[in-house]
Amino acid sequence: MSRIGVFVCHCGTNLASVVDVEKVAAAARELPGVSYAAEYKYMCSEPGQQMILDAIAEHGLKRIVIASCSPRMHETTFRKMLKKSGVNEYLLEIANIREQVSWVHTDSGVATEKAVDLVRMAVAKVAKDEPLKASSIPITKRALVVGGGIAGIQAALDIADAGHEVWLLEREPSIGGRMVMLDKTFPTLDCSACISTPKMVDMSAHPNIKLLTSCEVAAVRGYIGNFTVTIRQKAKYVNQDICTGCGNCEEKCPVKVKSDFNKGLSDRPAIYRLFPQAVPAKPVIDRAHCLKLTKDRCGLCEKVCPLGCIDYADEDREYDETFGAVVLATGYGLCDWTAMYDEYGAGRFADVIDGLAFERLVNASGPTEGHIVRPSDGAEPKTVVLVKCVGSRDPKKGKPWCSRACCMYAAKHAHQILEKIPGARVFVFYIDVRTPGKNYEEFYDQTRKDGAVYVRGRVSRIYKEGGRLICQGEDSLLGKQVRVAADLVVLETAMEPAAGARETAALFGASADANGWLQEAHPKLRPVETQAGGVFLAGTCQGPKDIPDTVAQASGAAAKAIGLLNKDEMETSPMIVAVDEAKCSGCGACVDICPFGALSLEILTAREGRWERAERFVCKVNAGLCQGCGACTVACRTGAIDLRGFRNVQILEEIDALWT
Amino acid sequence: MDVANRTNTAAGGEPKILAFCCNWCTYTGADLAGLNRMKYPANVRVVRVPCSGRVNPQFILRAFARGADGVVVCGCHPGDCHYATGNFFTRRRFMLMRGLLEFNGIDPRRFHARWISGSEAAKFRDFVSEVCAIVKGLGHE
Amino acid sequence: MIRYAYFPGCASESTALSTTLANEFVFGRIGVDLIEIKDWNCCGATSAHVLSEALGLALPARALARAEADWPELDVVTGCASCYARLKLTNHRVRQDGGTRYMVEKILGRPYAAKREVLNFLDVLSRDDVKANIEEALMRTFRGKLRVACYYGCLNIRPCEVTGAKDRENPVAMDEIARLAGAVPVDWGYKTECCGAAHQNDAALEARPLAGRILHNAKECGADVLLTACPMCQMNLEMRQAEYIRKNRDKAVGRQTFPLLDVVLPPPAGKTIPVLSITELLAIAMGAGGERLRMDAHHVPVGRVIADALRDDAETEVFL
Amino acid sequence: MTDHETLQSLLDKADVRQYDCYQCGKCSGGCPMADAMDFGPRGIMRCAQVGSLGRILGSSTIWLCTGCYACVDRCPHDVNVPALIEEARYEAARRGIGRHDSDVLNKVFVTNLKIFGRSHEMILAGLYNLLALKPAQDVAALPHMLAKGMIGIKPNVIEGNDELAEMMQRACDWDKLEEKK
Amino acid sequence: MNNFSQQQQKIRSAASRLLADGTVRFVIGWAPTRFAERTTVLFAHTEAEAQALVWNAHCTAALGKYLLDHRLADYAVGIVARGCESRMINRLLTDHQIWRERVYILGAPCPGMDAERCAGCRERAPVVWDELLWDADGMPETGGRQDAAPTNLDEATIADVGAGLALPAVGAACSRPLDTDTSLRSRFFRAEAVEGLSAAEKFSYWDEVYAKCIRCYACRQACPVCSCRACYVDMDRQGFQGKQHSAADNRVFGVTRAFHVADRCVECGECERVCPMGLPILGQTQKLIKEIEALTGEAYVQGMDAEEENFLGAFDLDDKDDFL
């Protein structure tokens, strides 16, 4: 006998005024397996709970059904209560006779009948419940931050300041990311480098932070609390422990390579640091261009190094480390407009540049020392056209999103041109001007008043005539076609997810949306978490953002990581799937479906029938990754994989209970 | 599935409709309907499942075989699944299942599915009312 | 032997005199056999499809169906961008949409399955084997002395989902062919902009600036000659220039422009840019003389520029 | 049918969803005829969005479109404006609204075709100039073209021109049949 | 058809060779029976047995499923594979049931056998093999998946096929004259025969079918896609299906089985061929494939390669959901 106890709540008059609770209790007593049924005013109250506990003791109840409000309301309350009794807290079912009966139906007879049905279903289900035990896993008290831009830096500093060890991993030779490439930041116009480099220095000096540059995540095993991460350290060819960053090698290197950091507007040597204030302030060798490494010639850097740091034999290394929490801050890239915009010349015109190149042009430490000049001939442009939404808001080119920051940085660019080039004319082609942010509208307004001409229309094409660039578009406010002859055209190009972000996130079990931005667990309420437990998002990897929003989200992600690391161990839900290996035929249909990568096929070798060492596939569940959705169970025709707490047989019993 | 020999326990031959609701969206939406004291027909019986992806088409077969007058499956809107992608599989399964039921002579008007979010209490009410009306109109075959 | 079914288009019988001669010359030399579709009819551009969808599809379909019946294994090629657009669209629609096919077949009264492709001259001349043949057939080249602006026209490229064109804004197929003949293609901005030929009659005034801008940009970008791949574009671009110069001349002598006077006045000369078809350019490079090609038929005189470019070429006869 | 329904049916036939357009102006910005048009392609889409069929049918834009497809090709939302313009021209013709010059040209052109099977430049331009009351248009080029034999008086008549005329009649009948549906 | 004897010789010699050089433990093929128009399955272990293998229009049994009996084996098995068998093999590989290196496939392009199911077959040439015994030339065109779409059939033909196969087909013997003209038979002939019926007619159609069903599970037993180690119908404690025998329960079984193979069915028709009651159950699975094709707008043919994605194991953000 199942020895099921049924407890019907009045919920004051909430329930009892519509449902005949006594009748429900009486009907429950007649159900198979039910040994006791009672009703009470407030089951969730202290005396109500005591009443249940007493009944358990007195009647030797083994399973409990409570007919009351929604399980979303008090299921946890009653589970906690059961912990005090001898009954396993998962041998509990709740019949929702308030939200789904008394509050939505008026006819007492019909409502009572439905309530009885719901109790019958709950009783049928509870009879097949199994005792479950929540397990707990210890937490490695160390965080990994992937990406060393401003988001990663902020998150790492916050976690480290809270007293936890942080490793920050960056694939470039220096941290700093995109922000250090910028000149000034809107709307305050403070110098980007001036506010970001001190943070970078803080980072490198922080006792809790370990900085890994030129590194990538190669593989990840494990899950929340214990991620074992294989880190790939790319060869730097310079002994970073000894090097003082004197710079002799950089001066002597004969190779000239277009500098990515300066968007190709200047050259750098093959042994180089990303930019003068790089952290760590030590050079690395670019193996694709170094003469010694490619052709076994030169070797100048080795000769001039006073400390003998150069090591041409350096190799990529991989090693494993374990972390409890992970913050993904992989950032953004700018879309390659040259591959997308034939109508803007597809890169054929030297004087059509993107916004980041303009940042380098206007930057005092950039290739032109802050002079805005035409890349083609070095002349100062008199008429500049800024084109917004290049790549953004363009579904045909595969980027339907708004990049959010461009409206403001276009205004900033316009402001800087007008400020630096007396008599310059600036035309800004736009579709909409979006300035939602503190002091943003004011900044835009001022730029407009300073004389930037805003033309509402998307530029249709750019072509050359008479040595100038003709930007042809519509002034849609006039309803007339316009052609602006410009000396320089700046395309304010779209942000897009950084290359490889989706793949890196996937290693940790986090996913990306259709556009490649990493997917938050809930767009409103869990914006810094991912579907993968213990993996958090910071900055533009989650979607286009400006610097303040990025920093705010980074601190949010850090807070979540700190919250996790503050625990010594964490409890996991036992309501997850389990595989009966004897039945599993290893077809793998379930594996395809799991969104969390919790299922995998493994080869099982065992004696079976007449075969001594039979090999076959079986499905294995990673209990740490399974979130208990049960979508896989449907794919399993045998029923070898089943969801604890919602087993096939339980749901079938519920259905049967309605028509017996 | 034996429609001809359905036994209906409800007094007065009131049809019974079985509803599978995912815990995160539709069940929450149904709770909200209660919280707002919205009224809808009492013919529906809700089975709570963690995700609409947990609903096995065989459950629907079982319900019809036992005498259900109608079955509905509800979950989060595509893209809003608490488990990221569960309802995308639901969608494919039940698009197929509907065709198969219809092929087997089960009136497709007895089987419905709908995306109802946690905030769409009114949609839940309207949907349940609509299905009840449809099923009542069909009567017992 | 490379063979195609050939849709000449109405201009080939009239205004496109020199281009038609050049086509015959060039394709004969490069071993491409163009088999004229029997009893072909006008494709209806640019009016039929404006009046009626059914008519706009039926007219090209008639010619295509004939080609399909007579030479089911041959692709159809045409030298006119307007014809190409209509033929290609008809082919595309019939292929894509069973309803359209049904309609077209009912109206034609004969089957038409759109099994083969519709191509333009550029497609043919860009074939690797044809390019090799061109190189072999060349008797003289312009040796980098002739700067050409290659004008593709809108309809040879667009709509892209019908034509399958990859280089939407800056196609290079014609540039490459011109380069074979030793001409230097210039980088310019109006390769695929519409010249307004469709409105030569019914909106002549409104369409005039279109040609004007193309010619202006070509000159600005340093072209000696404008190359076209369509007789309609070619005629339009030439006639608008002649008209413009006439007006300037009239202004210079201080009189009202009176077109009827031109009946007795000689054709105008002035700061012009000659317009040649790509096949004319090739024909010249393959040794055809100006008389044979009836270069005198051009509205804008051609001889000088070409002759200048060829002058120092001792090995070949001087052009004209 | 109300104007609203008619507009919707034109949009459906053209497979254009008017609300796809967000009025960025890239179409009108690149339209070669924009200067001469009253609305331009963006304006036509705007008219479609606000439901003003009358403005579309009465516009010069639909008659001045050259069909060069620059607008569609560059449109971020792939809105096929020329397809809508084409449907609008058919509807305008059904209602007898039109642009005189275009009407004359199209009729002369098709008549020319029905008789000869191919287009005859001389007759086409001559008839058009006569009927459109533009006697001097392009006349300046006439002596040159006559002298060089680029155009002649004798028309080219195709063999199957009777059969072609019948076919053209069937096509026009088909349109009328569609209309009734 | 005159080729049969020539081809049979090729099968025999290939099988002998494989047995002689020890490549395989045995070769699965067909053997004659006492009845001229029947063959049976033969597991040829020796070269002598290999000489008993036959190849004629009566080789109606599909061999793929027999591989499953040896899925745990550590030796290789040879098999004569026509289009249907090869697709079964791919299917078993996709489902991780067999090891590719333990199957030696003798590809045998098939002219279409004397079985009703063969008439609708579009994939007669093998799609995977280790050795192709003869090439597929001169056979009815295979691989023409688009051509197989029923839209290309004359409407009258569909109606004829439909009329001929409606209710009276239940319980009728399956043997029909050799009909190799695939163009006459829609790929989904069984499903189409039922689709035209009204809801009530459909219901009674299947009632009639499942009233006759004896739940022998031969359909499952023969199905190459039913590869589970344990079938749900044999585990009544799981609750999905009891042992009770009624038209209603049989119906649940029939629909469930169809759904279990829904997106993996290779359309071999073995289920129907082996049904001792001659029930036209192929319609259920055909209907599902038809539905999948309607939902995706693309051809859906299973078993064409071993790496393919199952319809129900994947999704597209833009999947249709017009009834949701």
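So that you can tell them apart, the chains are marked A, B, C, D and E in the order they are listed, and the count of residues begins at 1 in each.
One rule holds for everything that comes next: a contact is a pair of C-beta atoms (placed from the backbone, for glycine too) under 8 Å apart; a residue touches a chain by one contact, two chains touch by 3 or more.
Just so it is clear, the model here is predicted, and its values are computed rather than measured.
**Student:** Which number of steps is the smallest that gets you from chain B over to chain D via touching chains?
**Tutor:** Graph distance in the chain contact network comes out at 2.
**Student:** Which chains sit in contact with both members of the pair chain C and chain D?
**Tutor:** A
**Student:** Return the chain label for which the distance between chain Cα mean and whole-protein Cα mean is smallest.
**Tutor:** That would be chain A.
**Student:** Counting C-beta pairs in contact, which two chains come out on top?
**Tutor:** That would be the chain pair C-D.
**Student:** Tell me, please, which chain's centre (mean of its C-alpha atoms) is farthest from the centre of chain C?
**Tutor:** Most distant chain from chain C: B.
**Student:** Which one of the chains is farthest from chain D, going by Cα centres?
**Tutor:** Farthest chain from chain D, going by C-alpha centroids: E.
**Student:** Compute the distance, rounded to whole Å, between the mean C-alpha positions of chain B and chain C.
**Tutor:** Taking the mean C-alpha position of each chain, the two centres sit 64 Å apart.
**Student:** From the C-alpha centre of chain B to that of chain E, how far is it in Å?
**Tutor:** It comes to 35 Å between the two C-alpha centres.
**Student:** What whole-number Å value describes the gap between the mean CA coordinates of chain A and chain C?
**Tutor:** 55
**Student:** At least two partner chains per residue is the criterion; list those residues in chain C.
**Tutor:** 168
**Student:** Can you list the chain A residues in contact with two or more other chains?
**Tutor:** Chain A, residues with two or more chain partners: 343, 461, 593, 635, 648, 652.
**Student:** What residues in chain B touch two or more of the other chains?
**Tutor:** Each of 57, 62, 85, 89, 93 in chain B touches at least two other chains.
**Student:** Pairs of chains that touch, anyone?
**Tutor:** A-B, A-C, A-D, A-E, B-E, C-D
**Student:** Tell me, which parts of chain A touch chain C in their complex?
**Tutor:** So the residues of chain A touching chain C come out as 342-343, 345-346, 348, 461, 463-466, 470.
**Student:** Which stretch or stretches of chain C touch chain A in the complex?
**Tutor:** 167-170, 187-190, 216-217, 220-221
**Student:** Within their complex, state which residues of chain B touch chain A.
**Tutor:** Of all residues in chain B, those touching chain A are 7, 9-11, 14, 16, 18, 23, 27-28, 30-31, 33-35, 37-40, 42, 45-51, 53-57, 59, 62-63, 66-68, 82-86, 89-90, 93, 125.
**Student:** Flag every residue of chain E that touches chain A in the complex, lowest number first.
**Tutor:** Its residues touching chain A are 71-74, 95-97, 227-232, 235, 237-240, 260, 309-310, 312-314, 317.
**Student:** Spell out the part of chain A that touches chain E in their complex, as residue ranges.
**Tutor:** 514, 582-589, 592-593, 601, 608-609, 611, 613-617, 635, 637-640, 648-649, 652-653
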